[in-house]
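Following: one structure in C-alpha coordinates, then a few remarks.
Order as written gives the chain letters A, B and C; numbering starts at 1 within each chain.
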Amino acid sequence: MTHLGYLMAGWGISLVVLGGYAFRLVRRGRSLSALVPEDRRRWLESSGTDSD
Amino acid sequence: MAGRDERPGNTGSRGSRLLGCVALASLVVLGVLAFFLTGPDVRLHPTTGEEFGQFDAVRMLYLHVPMAVLMYASFMLCAAASVGVLVKRTPWWDVMAHSTAEVGTVLCGLVLVTGSIWGRPVWNTWWEWGDVRLMTTLVLFLLFAGYLALRRTTTDPRRQERKAAVVALVAVLDIPLVNRSVAWWENRTLHQRSTLEELKIQDLTLFTLMFGFLTFGLVVWWLTLQRFRVGWLERAAIDHAVGSAIAERRSETSADELDAAIGVTDEQAGEASP
Amino acid sequence: MSEVRRFLADARMVAARDLRIEFRSRVVVGQVVPFALLVLVLFGFALDADHRTLRTFASGLFWVAVLLSALLAVHRSAALEQSDGTMDALRMSGLPPAALFIGKATAVFVQLVLLEVVLLGGLLVLYGVQVVDPALLVVAGLLAGVAVAAAGTLYGALASGLGVRETLLPILLLPVLAPVLIGATRAFDDALGAVAVDGWAWTGLLAVAALIATVVGALAHGVLIED
(Lines give C-alpha, C1' and ligand atoms only; values in the text may rest on other atoms or scores of the structure.)
Protein backbone atom coordinates (compact mmCIF):
# COMPACT_ATOMS: atom_id res chain seq x y z
CA MET A 1 0.00 0.00 0.00
CA THR A 2 1.39 3.42 -0.96
CA HIS A 3 1.33 6.42 1.39
CA LEU A 4 0.71 4.20 4.39
CA GLY A 5 2.39 6.62 6.78
CA TYR A 6 0.21 9.52 5.66
CA LEU A 7 -2.92 7.41 5.91
CA MET A 8 -2.05 6.16 9.39
CA ALA A 9 -1.29 9.70 10.53
CA GLY A 10 -4.52 11.14 9.13
CA TRP A 11 -6.84 8.41 10.37
CA GLY A 12 -4.95 8.06 13.64
CA ILE A 13 -5.06 11.75 14.50
CA SER A 14 -8.76 11.95 13.60
CA LEU A 15 -9.77 8.95 15.67
CA VAL A 16 -7.63 9.97 18.64
CA VAL A 17 -9.00 13.52 18.64
CA LEU A 18 -12.62 12.43 18.25
CA GLY A 19 -12.18 9.74 20.89
CA GLY A 20 -10.46 12.11 23.29
CA TYR A 21 -13.17 14.71 22.79
CA ALA A 22 -15.90 12.14 23.39
CA PHE A 23 -14.12 10.90 26.51
CA ARG A 24 -13.83 14.41 27.89
CA LEU A 25 -17.50 15.07 27.24
CA VAL A 26 -18.56 11.92 29.07
CA ARG A 27 -16.27 12.66 32.02
CA ARG A 28 -17.45 16.23 32.26
CA GLY A 29 -21.04 15.04 32.09
CA ARG A 30 -20.44 12.66 34.98
CA SER A 31 -18.81 15.26 37.22
CA LEU A 32 -21.50 17.83 36.47
CA SER A 33 -24.31 15.31 37.04
CA ALA A 34 -23.12 14.90 40.61
CA LEU A 35 -23.73 18.61 41.23
CA VAL A 36 -27.27 18.73 39.92
CA PRO A 37 -30.40 17.22 41.49
CA GLU A 38 -31.79 14.33 39.49
CA ASP A 39 -34.92 16.02 38.23
CA ARG A 40 -32.96 18.89 36.70
CA ARG A 41 -30.38 16.92 34.77
CA ARG A 42 -32.13 16.57 31.44
CA TRP A 43 -33.76 19.00 29.15
CA LEU A 44 -37.14 17.23 28.86
CA GLU A 45 -37.60 16.82 32.59
CA SER A 46 -36.45 20.26 33.58
CA SER A 47 -37.96 22.31 30.76
CA GLY A 48 -39.81 25.31 32.06
CA THR A 49 -37.90 25.35 35.31
CA ASP A 50 -34.91 27.05 33.74
CA SER A 51 -34.57 30.76 33.59
CA ASP A 52 -36.63 31.50 30.50
CA MET B 1 -36.24 10.87 26.51
CA ALA B 2 -38.14 7.65 26.74
CA GLY B 3 -35.46 5.02 27.17
CA ARG B 4 -33.51 6.82 29.83
CA ASP B 5 -32.10 5.02 32.86
CA GLU B 6 -33.73 5.43 36.23
CA ARG B 7 -30.90 7.40 37.77
CA PRO B 8 -28.70 9.14 35.24
CA GLY B 9 -25.38 9.88 36.90
CA ASN B 10 -23.93 10.69 33.50
CA THR B 11 -24.91 12.01 30.10
CA GLY B 12 -25.85 8.61 28.70
CA SER B 13 -29.33 7.29 28.11
CA ARG B 14 -30.43 4.01 26.60
CA GLY B 15 -31.05 5.81 23.29
CA SER B 16 -27.74 7.61 23.20
CA ARG B 17 -25.83 4.49 24.23
CA LEU B 18 -27.38 2.60 21.35
CA LEU B 19 -26.55 5.50 19.04
CA GLY B 20 -22.97 5.53 20.29
CA CYS B 21 -22.58 1.78 19.74
CA VAL B 22 -24.00 1.98 16.22
CA ALA B 23 -21.69 4.93 15.45
CA LEU B 24 -18.65 3.02 16.74
CA ALA B 25 -19.58 -0.08 14.74
CA SER B 26 -20.02 2.02 11.59
CA LEU B 27 -16.60 3.55 12.13
CA VAL B 28 -15.11 0.08 12.22
CA VAL B 29 -17.00 -0.93 9.06
CA LEU B 30 -15.92 2.32 7.39
CA GLY B 31 -12.30 1.51 8.25
CA VAL B 32 -12.62 -1.98 6.75
CA LEU B 33 -14.28 -0.59 3.61
CA ALA B 34 -11.74 2.19 3.21
CA PHE B 35 -8.61 0.14 3.82
CA PHE B 36 -9.39 -3.40 2.67
CA LEU B 37 -12.37 -3.61 0.35
CA THR B 38 -11.92 -0.58 -1.90
CA GLY B 39 -9.00 -0.39 -4.28
CA PRO B 40 -6.43 2.35 -4.79
CA ASP B 41 -7.04 5.12 -7.32
CA VAL B 42 -4.90 4.05 -10.28
CA ARG B 43 -5.63 5.25 -13.77
CA LEU B 44 -3.86 4.63 -17.06
CA HIS B 45 -2.94 7.50 -19.29
CA PRO B 46 -4.91 6.99 -22.54
CA THR B 47 -1.94 7.57 -24.90
CA THR B 48 1.23 6.77 -22.98
CA GLY B 49 -0.24 4.03 -20.86
CA GLU B 50 1.47 5.38 -17.74
CA GLU B 51 -0.08 4.83 -14.36
CA PHE B 52 -1.26 7.91 -12.51
CA GLY B 53 -3.84 8.91 -9.89
CA GLN B 54 -3.95 9.29 -6.14
CA PHE B 55 -3.08 5.65 -5.47
CA ASP B 56 -3.73 4.71 -1.86
CA ALA B 57 -3.90 8.33 -0.68
CA VAL B 58 -7.50 8.26 -1.88
CA ARG B 59 -8.34 6.29 1.26
CA MET B 60 -7.95 9.54 3.22
CA LEU B 61 -10.90 11.03 1.38
CA TYR B 62 -13.36 8.56 2.90
CA LEU B 63 -12.56 10.30 6.19
CA HIS B 64 -11.84 13.84 5.02
CA VAL B 65 -14.87 14.50 2.80
CA PRO B 66 -17.57 13.28 5.23
CA MET B 67 -15.99 15.27 8.07
CA ALA B 68 -15.96 18.39 5.86
CA VAL B 69 -19.62 17.98 4.94
CA LEU B 70 -20.66 17.38 8.56
CA MET B 71 -18.52 20.34 9.64
CA TYR B 72 -20.50 22.63 7.34
CA ALA B 73 -23.75 21.06 8.55
CA SER B 74 -22.76 21.74 12.17
CA PHE B 75 -21.99 25.38 11.47
CA MET B 76 -25.26 25.77 9.57
CA LEU B 77 -27.11 24.36 12.57
CA CYS B 78 -25.16 26.74 14.79
CA ALA B 79 -26.27 29.70 12.65
CA ALA B 80 -29.89 28.52 12.76
CA ALA B 81 -29.71 28.05 16.54
CA SER B 82 -28.16 31.51 16.89
CA VAL B 83 -31.15 32.99 15.07
CA GLY B 84 -33.26 31.06 17.57
CA VAL B 85 -31.33 32.64 20.45
CA LEU B 86 -31.95 36.14 19.11
CA VAL B 87 -35.61 35.53 18.34
CA LYS B 88 -36.73 33.35 21.24
CA ARG B 89 -34.09 33.76 23.96
CA THR B 90 -34.67 30.29 25.40
CA PRO B 91 -31.75 28.29 26.84
CA TRP B 92 -32.42 25.37 24.49
CA TRP B 93 -31.30 27.37 21.43
CA ASP B 94 -28.24 28.72 23.19
CA VAL B 95 -27.02 25.33 24.41
CA MET B 96 -27.67 24.03 20.89
CA ALA B 97 -25.66 26.86 19.28
CA HIS B 98 -22.75 26.32 21.66
CA SER B 99 -22.79 22.53 21.15
CA THR B 100 -22.89 22.61 17.36
CA ALA B 101 -20.19 25.31 17.25
CA GLU B 102 -17.86 23.26 19.42
CA VAL B 103 -18.40 20.00 17.53
CA GLY B 104 -18.06 21.89 14.24
CA THR B 105 -14.76 23.44 15.33
CA VAL B 106 -13.32 20.05 16.31
CA LEU B 107 -14.32 18.70 12.89
CA CYS B 108 -12.96 21.80 11.17
CA GLY B 109 -9.55 21.29 12.78
CA LEU B 110 -9.54 17.65 11.73
CA VAL B 111 -10.59 18.53 8.17
CA LEU B 112 -7.62 20.91 7.94
CA VAL B 113 -5.21 18.33 9.36
CA THR B 114 -6.40 15.42 7.22
CA GLY B 115 -6.55 17.66 4.16
CA SER B 116 -3.01 18.80 4.74
CA ILE B 117 -1.76 15.24 5.21
CA TRP B 118 -3.61 14.14 2.06
CA GLY B 119 -2.24 17.13 0.11
CA ARG B 120 1.36 16.24 0.83
CA PRO B 121 1.51 13.12 -1.39
CA VAL B 122 -1.16 14.18 -3.91
CA TRP B 123 -0.40 17.87 -4.42
CA ASN B 124 3.16 17.58 -3.20
CA THR B 125 2.66 20.31 -0.61
CA TRP B 126 1.38 20.49 2.97
CA TRP B 127 -0.28 23.80 2.41
CA GLU B 128 -1.47 25.60 -0.70
CA TRP B 129 -2.18 29.30 -0.33
CA GLY B 130 -4.01 29.60 -3.60
CA ASP B 131 -6.67 27.03 -2.82
CA VAL B 132 -10.08 28.49 -2.16
CA ARG B 133 -11.57 25.77 -0.02
CA LEU B 134 -8.45 25.38 2.06
CA MET B 135 -8.26 29.08 2.86
CA THR B 136 -12.00 29.40 3.45
CA THR B 137 -11.88 26.49 5.87
CA LEU B 138 -8.92 27.99 7.70
CA VAL B 139 -10.69 31.33 8.14
CA LEU B 140 -13.83 29.47 9.24
CA PHE B 141 -11.75 27.66 11.86
CA LEU B 142 -10.29 30.93 13.12
CA LEU B 143 -13.72 32.59 13.22
CA PHE B 144 -15.19 29.82 15.35
CA ALA B 145 -12.08 29.62 17.51
CA GLY B 146 -12.89 33.25 18.32
CA TYR B 147 -16.51 32.27 19.04
CA LEU B 148 -15.40 29.59 21.49
CA ALA B 149 -12.91 31.99 23.08
CA LEU B 150 -15.75 34.44 23.66
CA ARG B 151 -17.83 31.70 25.26
CA ARG B 152 -14.98 30.72 27.55
CA THR B 153 -14.73 34.21 29.04
CA THR B 154 -17.42 33.47 31.60
CA THR B 155 -18.71 30.47 33.48
CA ASP B 156 -22.30 31.64 33.23
CA PRO B 157 -23.35 31.25 29.58
CA ARG B 158 -26.50 33.33 30.03
CA ARG B 159 -24.48 36.49 30.35
CA GLN B 160 -23.42 36.46 26.75
CA GLU B 161 -25.70 34.16 24.79
CA ARG B 162 -26.84 36.97 22.50
CA LYS B 163 -23.33 38.30 21.97
CA ALA B 164 -22.24 34.82 20.98
CA ALA B 165 -25.22 34.53 18.62
CA VAL B 166 -24.16 37.73 16.85
CA VAL B 167 -20.59 36.45 16.50
CA ALA B 168 -21.80 33.15 15.02
CA LEU B 169 -24.07 34.88 12.53
CA VAL B 170 -21.36 37.33 11.46
CA ALA B 171 -18.99 34.38 11.02
CA VAL B 172 -21.42 32.53 8.78
CA LEU B 173 -22.22 35.70 6.79
CA ASP B 174 -18.52 36.32 6.35
CA ILE B 175 -17.89 32.95 4.75
CA PRO B 176 -19.23 33.78 1.24
CA LEU B 177 -17.10 36.95 1.26
CA VAL B 178 -14.00 35.01 2.29
CA ASN B 179 -14.75 32.40 -0.35
CA ARG B 180 -15.22 34.94 -3.16
CA SER B 181 -12.22 37.02 -2.19
CA VAL B 182 -9.87 34.05 -2.05
CA ALA B 183 -11.29 32.75 -5.34
CA TRP B 184 -10.49 36.03 -7.09
CA TRP B 185 -7.24 36.37 -5.20
CA GLU B 186 -5.58 33.46 -6.89
CA ASN B 187 -8.17 32.56 -9.48
CA ARG B 188 -7.15 28.98 -9.45
CA THR B 189 -7.85 26.02 -7.30
CA LEU B 190 -6.00 22.83 -6.69
CA HIS B 191 -9.09 21.19 -5.33
CA GLN B 192 -10.07 19.68 -8.60
CA ARG B 193 -13.69 20.63 -8.94
CA SER B 194 -13.99 16.92 -9.39
CA THR B 195 -11.86 15.40 -6.67
CA LEU B 196 -14.68 12.91 -6.54
CA GLU B 197 -15.98 12.95 -10.11
CA GLU B 198 -12.53 12.40 -11.49
CA LEU B 199 -12.00 9.22 -9.51
CA LYS B 200 -13.04 6.10 -11.24
CA ILE B 201 -16.27 5.98 -9.37
CA GLN B 202 -16.82 2.31 -8.99
CA ASP B 203 -19.86 1.23 -7.10
CA LEU B 204 -17.88 0.32 -4.03
CA THR B 205 -15.98 3.64 -3.94
CA LEU B 206 -19.21 5.56 -4.08
CA PHE B 207 -20.79 3.28 -1.49
CA THR B 208 -17.83 3.75 0.88
CA LEU B 209 -18.11 7.49 0.57
CA MET B 210 -21.85 7.42 1.23
CA PHE B 211 -21.23 5.11 4.14
CA GLY B 212 -18.73 7.68 5.40
CA PHE B 213 -21.42 10.37 5.37
CA LEU B 214 -23.73 8.07 7.29
CA THR B 215 -21.05 7.13 9.81
CA PHE B 216 -20.01 10.68 10.53
CA GLY B 217 -23.64 11.71 10.63
CA LEU B 218 -24.07 9.26 13.52
CA VAL B 219 -20.78 10.26 15.20
CA VAL B 220 -21.64 13.96 15.01
CA TRP B 221 -25.19 13.30 16.20
CA TRP B 222 -23.84 11.44 19.24
CA LEU B 223 -21.21 14.10 20.00
CA THR B 224 -23.72 16.93 19.67
CA LEU B 225 -26.20 15.11 21.89
CA GLN B 226 -23.58 14.55 24.57
CA ARG B 227 -22.32 18.12 24.30
CA PHE B 228 -25.88 19.40 24.55
CA ARG B 229 -26.45 17.43 27.74
CA VAL B 230 -23.18 18.72 29.21
CA GLY B 231 -24.20 22.27 28.29
CA TRP B 232 -27.58 21.75 29.90
CA LEU B 233 -25.93 20.37 33.05
CA GLU B 234 -23.57 23.36 33.20
CA ARG B 235 -26.55 25.69 33.38
CA ALA B 236 -28.42 23.51 35.84
CA ALA B 237 -25.32 23.29 38.04
CA ILE B 238 -25.02 27.08 38.15
CA ASP B 239 -28.69 27.47 39.00
CA HIS B 240 -28.45 24.81 41.66
CA ALA B 241 -25.28 26.29 43.17
CA VAL B 242 -26.90 29.73 43.38
CA GLY B 243 -30.08 28.26 44.81
CA SER B 244 -28.31 26.24 47.48
CA ALA B 245 -26.05 29.16 48.39
CA ILE B 246 -29.13 31.25 49.09
CA ALA B 247 -30.70 28.42 51.08
CA GLU B 248 -27.50 28.05 53.09
CA ARG B 249 -27.49 31.74 53.93
CA ARG B 250 -31.10 31.49 54.96
CA SER B 251 -30.49 28.57 57.27
CA GLU B 252 -27.71 30.43 59.04
CA THR B 253 -30.16 32.95 60.36
CA SER B 254 -33.71 32.17 61.33
CA ALA B 255 -36.24 32.96 58.63
CA ASP B 256 -38.03 35.58 60.71
CA GLU B 257 -34.81 37.31 61.58
CA LEU B 258 -33.84 37.42 57.90
CA ASP B 259 -37.19 38.70 56.77
CA ALA B 260 -37.11 41.37 59.44
CA ALA B 261 -33.63 42.36 58.35
CA ILE B 262 -34.63 42.91 54.73
CA GLY B 263 -38.03 44.30 55.64
CA VAL B 264 -40.28 41.60 54.17
CA THR B 265 -43.70 41.03 55.63
CA ASP B 266 -44.99 37.52 56.23
CA GLU B 267 -47.26 37.62 53.16
CA GLN B 268 -44.47 38.65 50.82
CA ALA B 269 -42.17 36.06 52.31
CA GLY B 270 -44.75 33.41 51.52
CA GLU B 271 -44.81 34.46 47.88
CA ALA B 272 -41.08 34.81 47.54
CA SER B 273 -40.11 31.37 48.80
CA PRO B 274 -42.13 28.78 46.95
CA MET C 1 -38.46 62.20 6.90
CA SER C 2 -38.10 63.95 10.20
CA GLU C 3 -37.31 60.58 11.79
CA VAL C 4 -34.43 60.07 9.41
CA ARG C 5 -33.22 63.56 10.18
CA ARG C 6 -33.42 62.92 13.91
CA PHE C 7 -31.57 59.66 13.50
CA LEU C 8 -28.79 61.41 11.60
CA ALA C 9 -28.68 64.21 14.16
CA ASP C 10 -28.30 61.65 16.96
CA ALA C 11 -25.54 59.85 15.06
CA ARG C 12 -23.79 63.14 14.36
CA MET C 13 -23.99 64.07 18.02
CA VAL C 14 -22.33 60.81 19.09
CA ALA C 15 -19.65 61.13 16.40
CA ALA C 16 -18.98 64.73 17.42
CA ARG C 17 -18.68 63.68 21.06
CA ASP C 18 -16.15 60.93 20.28
CA LEU C 19 -14.15 63.21 18.01
CA ARG C 20 -14.18 66.01 20.59
CA ILE C 21 -12.82 63.62 23.21
CA GLU C 22 -10.16 62.55 20.73
CA PHE C 23 -9.35 66.16 19.87
CA ARG C 24 -8.81 66.94 23.56
CA SER C 25 -7.00 63.75 24.57
CA ARG C 26 -5.09 63.18 21.30
CA VAL C 27 -4.79 59.44 21.94
CA VAL C 28 -5.11 58.44 18.30
CA VAL C 29 -2.99 61.27 16.92
CA GLY C 30 -0.39 61.02 19.66
CA GLN C 31 -0.17 57.24 20.06
CA VAL C 32 -1.94 55.25 17.34
CA VAL C 33 -0.59 57.13 14.33
CA PRO C 34 3.02 56.99 15.57
CA PHE C 35 2.50 53.28 16.24
CA ALA C 36 1.38 52.77 12.63
CA LEU C 37 4.45 54.59 11.31
CA LEU C 38 6.59 52.51 13.64
CA VAL C 39 5.11 49.36 12.10
CA LEU C 40 6.05 50.62 8.62
CA VAL C 41 9.61 51.25 9.78
CA LEU C 42 9.80 47.82 11.42
CA PHE C 43 8.67 46.19 8.16
CA GLY C 44 11.49 48.08 6.48
CA PHE C 45 14.03 46.69 8.95
CA ALA C 46 12.60 43.18 8.77
CA LEU C 47 12.46 43.02 4.97
CA ASP C 48 15.83 44.59 4.28
CA ALA C 49 15.92 48.22 3.19
CA ASP C 50 15.63 47.45 -0.50
CA HIS C 51 13.24 49.80 -2.28
CA ARG C 52 12.18 47.21 -4.82
CA THR C 53 11.17 44.65 -2.16
CA LEU C 54 9.33 47.29 -0.19
CA ARG C 55 7.52 48.59 -3.28
CA THR C 56 6.40 45.09 -4.19
CA PHE C 57 4.84 44.50 -0.79
CA ALA C 58 3.90 48.10 -0.02
CA SER C 59 0.11 47.69 -0.25
CA GLY C 60 0.05 44.57 1.91
CA LEU C 61 2.28 46.15 4.55
CA PHE C 62 0.14 49.28 4.44
CA TRP C 63 -3.05 47.36 5.19
CA VAL C 64 -1.51 45.18 7.88
CA ALA C 65 -0.32 48.38 9.56
CA VAL C 66 -3.82 49.86 9.20
CA LEU C 67 -5.48 46.78 10.73
CA LEU C 68 -3.08 46.62 13.68
CA SER C 69 -3.54 50.31 14.36
CA ALA C 70 -7.30 50.05 13.87
CA LEU C 71 -7.36 47.57 16.75
CA LEU C 72 -5.93 50.25 19.01
CA ALA C 73 -8.37 52.87 17.74
CA VAL C 74 -11.30 50.50 18.32
CA HIS C 75 -10.08 49.77 21.84
CA ARG C 76 -9.98 53.45 22.51
CA SER C 77 -13.45 53.96 21.06
CA ALA C 78 -14.94 51.14 23.16
CA ALA C 79 -13.10 52.29 26.29
CA LEU C 80 -14.84 55.66 26.08
CA GLU C 81 -18.12 53.96 26.96
CA GLN C 82 -16.65 52.10 29.90
CA SER C 83 -15.66 55.04 32.05
CA ASP C 84 -17.85 57.01 34.44
CA GLY C 85 -20.97 54.93 33.80
CA THR C 86 -21.30 56.32 30.29
CA MET C 87 -22.98 53.18 29.03
CA ASP C 88 -25.74 53.35 31.63
CA ALA C 89 -26.30 57.01 30.82
CA LEU C 90 -26.55 56.19 27.12
CA ARG C 91 -29.00 53.36 27.76
CA MET C 92 -31.17 55.74 29.78
CA SER C 93 -30.93 58.48 27.17
CA GLY C 94 -33.28 56.76 24.75
CA LEU C 95 -30.80 57.21 21.92
CA PRO C 96 -31.50 54.57 19.23
CA PRO C 97 -28.74 51.92 19.38
CA ALA C 98 -28.34 52.06 15.60
CA ALA C 99 -27.69 55.82 15.76
CA LEU C 100 -25.17 55.24 18.52
CA PHE C 101 -23.48 52.64 16.35
CA ILE C 102 -23.39 54.84 13.24
CA GLY C 103 -22.04 57.73 15.29
CA LYS C 104 -19.27 55.73 16.93
CA ALA C 105 -18.36 54.02 13.64
CA THR C 106 -18.19 57.40 11.91
CA ALA C 107 -15.79 58.72 14.54
CA VAL C 108 -13.57 55.64 14.14
CA PHE C 109 -13.81 56.02 10.35
CA VAL C 110 -12.61 59.64 10.50
CA GLN C 111 -9.66 58.58 12.64
CA LEU C 112 -8.86 55.70 10.27
CA VAL C 113 -8.87 58.03 7.26
CA LEU C 114 -6.42 60.29 9.06
CA LEU C 115 -4.30 57.24 9.81
CA GLU C 116 -4.42 56.10 6.18
CA VAL C 117 -3.37 59.54 4.93
CA VAL C 118 -0.35 59.62 7.24
CA LEU C 119 0.58 56.02 6.37
CA LEU C 120 0.30 56.78 2.67
CA GLY C 121 2.72 59.65 3.20
CA GLY C 122 5.04 57.17 4.89
CA LEU C 123 4.67 54.79 1.95
CA LEU C 124 5.56 57.56 -0.52
CA VAL C 125 8.55 58.81 1.45
CA LEU C 126 9.96 55.68 3.08
CA TYR C 127 9.11 53.01 0.50
CA GLY C 128 9.28 55.20 -2.59
CA VAL C 129 6.00 54.04 -4.13
CA GLN C 130 4.23 55.90 -6.92
CA VAL C 131 0.51 56.43 -7.20
CA VAL C 132 -0.72 55.34 -10.63
CA ASP C 133 -4.49 55.61 -10.13
CA PRO C 134 -5.35 58.17 -7.43
CA ALA C 135 -9.13 57.78 -7.83
CA LEU C 136 -8.93 54.03 -7.20
CA LEU C 137 -6.65 54.62 -4.23
CA VAL C 138 -9.07 57.06 -2.62
CA VAL C 139 -12.24 55.04 -3.25
CA ALA C 140 -10.70 51.74 -2.11
CA GLY C 141 -9.16 53.39 0.94
CA LEU C 142 -12.46 54.97 1.97
CA LEU C 143 -14.54 51.81 1.43
CA ALA C 144 -12.08 49.62 3.31
CA GLY C 145 -12.07 52.26 6.05
CA VAL C 146 -15.85 52.01 6.34
CA ALA C 147 -15.70 48.20 6.55
CA VAL C 148 -12.96 48.22 9.21
CA ALA C 149 -14.63 50.98 11.23
CA ALA C 150 -18.06 49.31 11.17
CA ALA C 151 -16.81 45.81 11.97
CA GLY C 152 -14.44 47.22 14.59
CA THR C 153 -17.16 49.21 16.34
CA LEU C 154 -19.45 46.17 16.38
CA TYR C 155 -16.82 43.92 17.92
CA GLY C 156 -15.56 46.65 20.21
CA ALA C 157 -19.05 46.91 21.74
CA LEU C 158 -19.23 43.13 21.91
CA ALA C 159 -15.93 42.62 23.66
CA SER C 160 -16.29 45.53 26.04
CA GLY C 161 -17.27 44.72 29.58
CA LEU C 162 -15.77 41.25 29.36
CA GLY C 163 -12.54 42.13 31.14
CA VAL C 164 -10.46 40.42 28.47
CA ARG C 165 -11.15 42.92 25.69
CA GLU C 166 -7.50 43.44 24.82
CA THR C 167 -6.93 39.82 23.94
CA LEU C 168 -10.39 38.87 22.71
CA LEU C 169 -10.92 41.71 20.24
CA PRO C 170 -8.08 40.77 17.83
CA ILE C 171 -9.04 37.11 17.52
CA LEU C 172 -12.67 38.01 16.94
CA LEU C 173 -12.10 40.92 14.58
CA LEU C 174 -9.12 39.99 12.42
CA PRO C 175 -10.57 36.81 10.81
CA VAL C 176 -13.75 38.69 9.94
CA LEU C 177 -11.63 41.34 8.21
CA ALA C 178 -9.67 38.79 6.14
CA PRO C 179 -11.69 39.52 2.96
CA VAL C 180 -11.25 43.27 3.50
CA LEU C 181 -7.51 42.82 3.85
CA ILE C 182 -7.33 40.80 0.63
CA GLY C 183 -9.57 43.21 -1.30
CA ALA C 184 -7.92 46.40 -0.10
CA THR C 185 -4.43 45.02 -0.72
CA ARG C 186 -5.30 43.97 -4.27
CA ALA C 187 -6.99 47.31 -5.03
CA PHE C 188 -3.92 49.17 -3.74
CA ASP C 189 -1.65 46.87 -5.75
CA ASP C 190 -3.45 48.13 -8.84
CA ALA C 191 -3.56 51.76 -7.73
CA LEU C 192 0.17 51.75 -6.93
CA GLY C 193 1.00 49.94 -10.16
CA ALA C 194 2.61 47.01 -8.33
CA VAL C 195 0.56 44.17 -9.81
CA ALA C 196 -1.66 44.14 -12.87
CA VAL C 197 -5.05 43.27 -11.38
CA ASP C 198 -8.49 44.78 -11.79
CA GLY C 199 -8.53 47.04 -8.77
CA TRP C 200 -12.06 48.31 -9.41
CA ALA C 201 -13.49 44.78 -9.19
CA TRP C 202 -11.86 44.47 -5.79
CA THR C 203 -13.31 47.83 -4.84
CA GLY C 204 -16.72 46.30 -5.56
CA LEU C 205 -15.97 43.54 -3.07
CA LEU C 206 -14.91 46.17 -0.53
CA ALA C 207 -18.19 48.00 -1.10
CA VAL C 208 -20.15 44.82 -0.38
CA ALA C 209 -18.09 44.18 2.77
CA ALA C 210 -18.60 47.77 3.94
CA LEU C 211 -22.33 47.56 3.33
CA ILE C 212 -22.71 44.24 5.17
CA ALA C 213 -20.60 45.40 8.12
CA THR C 214 -22.58 48.63 8.47
CA VAL C 215 -26.02 47.03 8.19
CA VAL C 216 -25.23 44.09 10.48
CA GLY C 217 -23.54 46.40 12.97
CA ALA C 218 -26.47 48.81 13.09
CA LEU C 219 -28.96 45.95 13.52
CA ALA C 220 -26.94 44.07 16.11
CA HIS C 221 -25.80 46.99 18.23
CA GLY C 222 -29.02 47.09 20.20
CA VAL C 223 -28.53 43.45 21.19
CA LEU C 224 -24.94 44.04 22.26
CA ILE C 225 -25.36 47.09 24.46
CA GLU C 226 -28.48 45.68 26.07
CA ASP C 227 -26.63 42.76 27.65
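Convention: contacts are C-beta pairs under 8 Å (C-beta built on N, C-alpha and C of every residue); 3 or more make two chains touch, one makes a residue touch a chain.
Here the structure is a predicted model, which is why all the values come from computation and not from measurement.
Distance between Cα centroids is largest for the pairing of chain A with C. A simple rule picks the central chain: find each chain's mean C-alpha point, then take the one closest to the mean of all protein C-alpha atoms, which gives B.
A separation of 32 Å divides the Cα centre of chain B from that of chain C. The mean-CA centres of chain A and chain B are about 11 angstrom from one another, to the nearest whole unit. Each chain gets a centre from the mean of its Cα atoms; for chain A and chain C, those two points are 40 Å apart. Multi-chain contact residues of chain B (touching two or more other chains) are absent.
The part of chain B that touches chain C in the complex is made up of residues 86, 139, 142-143, 145-146, 149-150, 153-154, 159-160, 162-163, 165-167, 169-171, 173-174, 177-178, 180-182, 184-185. Those residues of chain C that touch chain B in the shared complex are 154, 158-159, 162-164, 168, 171-172, 174-176, 178-179, 182-183, 186, 201-202, 205, 208-209, 212, 216, 220, 223-224, 226-227. Considering their complex, residues 1, 4, 7-13, 27, 31, 35, 40, 55-57, 59-60, 63-64, 67, 89-92, 106, 109-110, 113-114, 117-118, 120-121, 158, 219, 222-223, 226-230, 232-237, 239-241 of chain B touch chain A. Those residues of chain A whose C-beta lies close enough to touch chain B in the complex are 1-4, 6-7, 9-11, 13-15, 17-18, 21-22, 25-26, 28-30, 32-38, 40-44, 46-47, 50-52.
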